[in-house]
Amino acid sequence: MSRIQESVIIRTVVRIMVPFIELFALYVIIHGAGGPGGGFQGGVIFGAAIILYAMIYGIAEGKKRVSDALDRILASTGLTIYAGTGLLCILFGGMFLQYGAVPLIPDDPAKVSKYLIDLVEIGIGTTVAAVMISLFFDVSPPESEEGELPDYEGAD
Amino acid sequence: MNKLALFVVVITGLMLIYAGQDLPPFGDPDTAMYQHNMTQYFIENSESESGVSNIVTALLANYRGYDTLGETTVIFTAGMAVMLLLRRRER
Amino acid sequence: MIWVLDITMLFFLVVCAIAAISIKDLLSAVIILSGYSLIMAVVWVEMHSVDVGFTEAAVGAGITTVLFIATLARTEGRSED
Amino acid sequence: MTGILDVVYAEYNYWIYVALMMIGFYAMIAKKNLIKKVIGANIFQTAIFLFYVSLADITGGTAPILPHVHGGEHVEHAADVIYTNPVPHCLILTAIVVSVSTTAVALALIIRIYNEYGSLDEDVILAARKSLQPEFSEYARQKSVDEVSRQ
Amino acid sequence: MTGFDLIATHLPVLTVVIPLIAGFLTPIVGWIDRRLPWYWVMLATLVILLITLSNLATVITTDTIHYKLGGWNPPFGIEYVIDLLNGFVCLIIAFIGFMVAIYSKESVKKEVPGKTTQFYTVFLLLITGLMGMTITGDIFNFYVFLEISSLTAYALIAMGDRGDGVVASFNYLIMGTVAASFILLGIGYLYAVTGTLNMADMHNLLPDIYENKVVLAALAFFMAGFSIKVGLFPLHAWLPDAYTHAPSTASALIAGLMTKVGVYAMVRFMFSVFTPAFVIDVNMTEILTWAAALAIIVGSVFAIAQSDIKRMLAYSSISQIGYILLGFGLVNVIGITGGLLHIMNHAFMKCALFLVAGAVFYKTDIRNIYQFQGLGKKMPITTTVFLIAALSMIGVPGTVGFTSKWYLALGSIEADQWIFVAVILVSSLLNIVYFWRIFDNIWFGHPHEIENIKRDEAPLTMLIPMVILAILCVFFGFFSGYPIEQIFEPLATTLLGGVP
Amino acid sequence: MMVTEINSITPLLAVLVSMVASVLILASGKYPNIREGWTFVAAFIKFGLVISMLPLILKGNVITCTVVEMLPNLPIAFKVDAFGILFAITSSFLWIFVSSYSIGYMRSLKEHAQTRYFFCFAIALSSAVGIAFSANLVTLFLFYELLTISTYPLVAHIETPEAISSGRKYLTYLMIAGVSLLFSIVVVYHYTGTTEFSFAGIAGMDAIPQTTLVILFVTFMIGCAKAAFMPLHAWLPAAMIAPTPVSALLHAVAVVKAGVFTAVRVILYVFGVDLMRDSGIWLYMAYFVSITIILASVYALMQDNLKKRLAYSTVSQLSYILLGAVLITQHGITGGMLHIPYHAFMKITLFMCAGALIVTAKKENISEMNGIARQMPITMLAFTVGALGMIGMPPAGGYVTKWFLLLGAAELHSMILIAVLLVSAVLNAAYFFPVVYVAFFKKPDHELAYKEAPLTMLVPLVLTAIISIVIGIWPDAPGMFLDIVNIAVANVTGGI
């Protein structure tokens, strides 16, 4: 256990912050349609929230929140949402990813397009978040040496 | 080795500088790139066709949505690759 | 006089880049790289590409750095060159 | 006032990107430390992104976000607003993702290499590989094989 | 619109989307049952094989297929264009992919134990990447798929020999990143001067600005990038290690396909983005032919010096890539026909040879060719496949190797470059040298030990693809007339587009 | 003379029959009797198929068969003309004898890998007949390479390091030759757009610039290194390490004759009589092969190993054929072509005798053969017949071809060539008579009991000796070789 991980203040702050960061991530994903942001950025931020949690509370604790299996399924799910949307457009007679072809709201393909873009962004966000978490879990030191991660002062 | 590396880098740099002579000036709206009907089309039509006001998002998710699918796949691939490399074997 | 700021930042980019590849302590190098990314993000926002700037800040300065540091934690921190 | 300064600005921008590319490229091929190589790759790629973003920029332009975000009402945007070119932005968003993916894979490989050879230095790794699998000359290799099979 | 028509219209995109979806569903499939992914991959590759066949048939019988992704007209959206060239390359990818998929069952179990699910995921994604690179008509989309295929290749190679595989993969990654960055930069240059990303559009816009230095720089960066990707001679350093230390399945797939698609991309950029006239004008083709000739000789000579069979095959690949590029560099119809033919032929031969190397390794754990004694008795079918494929590499008539060599030699004479004829012929002799010592070891070494060796053949799933490839090596050695007249010659004429 | 083309698949069948047999041989490798049965059946069927085409050819027809369009404008096709069937009859007929002889030889010596041996033998025979029937250079090249590859295992058969290095030498020479041949074919195709043989030479060859033409001729001749003229002869003595039946059939008949056959095909059917004469190449080539004729005889004189001596004799004799072809007179070509079957029958007799000596008396060197005729009188009698033929003395067939060659040389008033032929005849006598003398008249070192080789070996060699005599005393029998050669010569010289 490093000093940072032992610090009560940091632990508390992180515990409080993480849900807010996650919320912000969701906002960024949805906000992509109208301003800076989008699925990718949101996904990274969401992933960062979990990573932050795992850094402070340890990988094992982090894996309790997002297990390996869940992670893998989420990564696949995000892509499935995306590609599924594309295939959905084919089913309704459009080209692959031709959002306007889906008769969700008649006579307003732009509106449909907006909703489907949001859906797609959510898909991207899911995959990106899941992969970022899995990347961190894989790259960071294995559980047996847990706690050495932020303790880097000794290395000059 | 270092000399060779330096040589390669300098060659590349010379190529970049060579190309730089004819690059369209930065910040100028009168370039072929900006005046190509593609850019103008996106600026004018992205809202009415995609329903989003962020043109970059419209491009990313709609006009070039397929690129983004590829991009997401790249991320997924990276995740899988790292998993393949660093995870322990399943029994 | 915003261009002065721009040029300063661009200059800093080069400085950061050289520092990142020449410093022997890898953690420092990684942190400098993170700083480099952050400056880059600001430059991009300054050039009106807010989305790219946003992404670079999240990825280059965020995730990439975390991954680098995690890697260093599992390997070693010094470099011979 | 803007004319000359813009030119300086634009030129300067270009030189910076060339310099950054060369620095990154040099690190990739000349540095012995694997982490340094990856850092170089990051710098190299970011320099190219800078080039793209510079291409997109229009002096006096605004970010390519249309101005009526939250209302939902369609407002005719003023004709005199110049938007920067959104296409390179879109491309670079994709490219950044690619860059971080490559970095992640590279780092994973580095961890594995370190686990195998206990070093991040290219020369040390090369030496270790040689000592683990001595490169026989063709003749010696064949001879040893012959001897083994003769026994 | 009936369901059949519906699918028929969307076949171009399904070529890429099916392996993509199959790829990211593989973890879920593997989660259900660890044995399922193999069947899943077989199914997916079989489906895309059928799709690519149908695509090529459509292109031959009717015309180039255009598919607008998202329904946006080019150049606003991304467009898929299937003409003869990429229709044919796609078919090769799907076919080799299917063959290697069949083969992989036992091999992966042995060489990548406990990670089969992830392995197959990456396997399918590699095919996705290669397909996407081939089929797309948009240069940035090309870059994205290039990166998918590269990342998957890094991962697959790293799965190989402990330690060595990882180092090889890392070196490849660094070189690959340089290559991809150069290509990205080239794309940026072209975009800066034309304002478009669509290949056809660019092809129309570029001739007006050929005196622009940026265009030349873009070409130079593309060529440098692709040269790294295909392992053209001075830039080949990553290739031998990568091919040698990857798992057998991955070696076969990567050696059979990666470089082919790289060559395809090179050709596509030279002829369909730029114009042949321009490429000839700036002497790029001449540089290419000389580099290729050098690669042919140096690759063969290095191959002779190897004792590890996979490393030998890797160097042989370097030399064979030289053949292909030589054909294209000659820029005449016959030479290009030869190059195109050799893309197909080399895919068959090299894939077969790597599969044989893998099968031998699977059974005996041997890769040193001087330990191959008695293998002819032990694994008769495998070694016969090796014989056929190796004879084909040498260019014995009646095998595919002869047909492409014939065209390349003829093309060289046509271009009045007699030296390249000599290069091709000398390299045939060098091929004989490095393959024949293996024949000697397999069939003629140490007779008294051979008598006691029992027959112990590789499992059926490994044998079937090898035998099919060997049969094709011979089949197309005799029946190349149809594909050449239907595909390669018209294609070569189209590619040259009026250049004398 | 009107030449009618007849379509038929018989040529294809004749080639394929031993291919099919080779597969069957491989499949029945565990049962030697069945395996050898296949060899015999195939040999007889093959000869039957070849001979069945003879009547049509003698009527002046040509049998064609296009198998497959390998590449556009580049078919794999067969065309049986008089010259082709001459070679095909020779090799397929002798296969029957050698099959019998092989069985005796291999079983007596209990050789290993007999399945591989018979397998490769069958394929080599296919290739030889394929070369004979090829309608164009590419088809010929296909079988030419196949012949090289399929004979390598036969040369390296005993698998000792020496055999393997000999095999490598063999392969090196022949593969370089193959590459050179391929180069020449490509050049011909480039200039003429076809590779198909034609009686008057390929149309368009005269458009090739003179320098290129000479280079082309040289590379073609390098490509025909199977004909073992000097300095590309070294592989032939090296290949004598192979089992004797292999030397007998392949290195006296199939392989070397394939080389000579190809050379003659190139000279007469690719370049054509007119072009050869106009370009003046023929004279240089004639002097060139003359050197081989003399020099190889001298080499033969120096050999003690009987098989090696025979090998050098082969080198010398093959150049007779080439000499005849490049004389481009009617008599010269007749003599050259006729020497293909004549030399085959005589030389195979000699080799089979040498093999019988190895198997029965375990003797390879001439110096050890004192009085061997007392032990093996029949064998040595056959040997004498062959030797007489080689020297050019009646009754064996050799004198017929020598006569024609001399006529051809005389027609050209070339004293040098006449002298070459006469000197070489003397040299032939000088290296064959000692063998006969040693065997019949020298006293054996120790007492020798009468012991001939097994019947499977003895019968073939006696038969070929008899045939050698028959073709010598009755060369112009209807339907015999001279008839066929006359038609072939009429074809290429335009029916003079």
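Each chain gets a letter, A, B, C, D, E and F, in the order it is written, and its residues are counted from 1.
Please note the rule applied: a contact is a pair of C-beta atoms (placed from the backbone, for glycine too) under 8 Å apart; a residue touches a chain by one contact, two chains touch by 3 or more.
As the structure is a prediction and not an experimental result, all values here were calculated from the model.
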{"item": "Graph distance between subunit A and subunit D, where chains that touch are linked", "value": "1"}
Leaving out subunit E, the still-touching groups: A, B, C, D | F
{"item": "Winner on C-beta contact pairs when C-D is weighed against A-E", "value": "C-D"}
{"item": "Gap in Å, rounded to a whole number, between the CA centres of subunit F and subunit E", "value": "44"}
{"item": "Where subunit D and subunit F are represented by their mean Cα positions, the distance between them in whole Å", "value": "67"}
{"item": "CA centroid of subunit B to CA centroid of subunit C, Å", "value": "19"}
{"item": "Computed distance of Cα centres, subunit E from subunit B, in Å", "value": "26"}
{"item": "Residue list for subunit B, restricted to those that touch at least two other chains", "value": "16, 23-24, 33-34, 38-39, 42, 47, 53-54, 56-57, 60, 62, 64-71, 73-79, 81-83, 85-87"}
{"item": "Multi-partner residues of subunit A (at least 2 other chains)", "value": "34-36, 38, 40, 75-76, 79, 83, 86, 96-97, 99-100, 135, 138-139"}
{"item": "Multi-chain contact residues (two or more partners), subunit E", "value": "20, 24, 27, 69-70, 140, 144, 147, 151, 154-155, 158, 166, 191-192, 197"}
{"item": "In the complex with subunit B, residue positions of subunit D that touch it", "value": "6-7, 9-10, 13-14, 18, 21-22, 25-26, 29-30, 54-55, 57-59, 61, 64-69, 74, 82-83, 85-87, 89-91, 93-94, 97-98, 100-102, 104-105, 108-109, 111-112"}
{"item": "Interfacial residue positions of subunit E with respect to subunit D in the complex", "value": "140, 143-144, 147, 150-151, 154-155, 158, 162-164, 166-167, 169-170, 173-174, 177-178, 180-181, 184-185, 187-188, 191-192, 197, 305, 307, 368, 370-371, 373, 446, 449"}
{"item": "Complex contacts: residues of subunit A adjacent to subunit B", "value": "32-36, 38-40, 75-76, 78-79, 82-83, 86, 96-97, 99-100, 109-115, 117, 120-121, 123-124, 127-128, 130-131, 134-135, 138-139"}
{"item": "Complex contacts: residues of subunit E adjacent to subunit A", "value": "1, 6, 10, 13, 17, 20-21, 24-25, 27-28, 31, 67-71"}
{"item": "Interface residues, subunit B side, partner subunit D - complex", "value": "1-2, 5-6, 8-10, 12-13, 16-17, 20, 23-29, 33-34, 38-39, 42-43, 46-47, 53-56, 59-60, 64, 67-68, 70-71, 74-75, 77-79, 81-82, 85-86"}
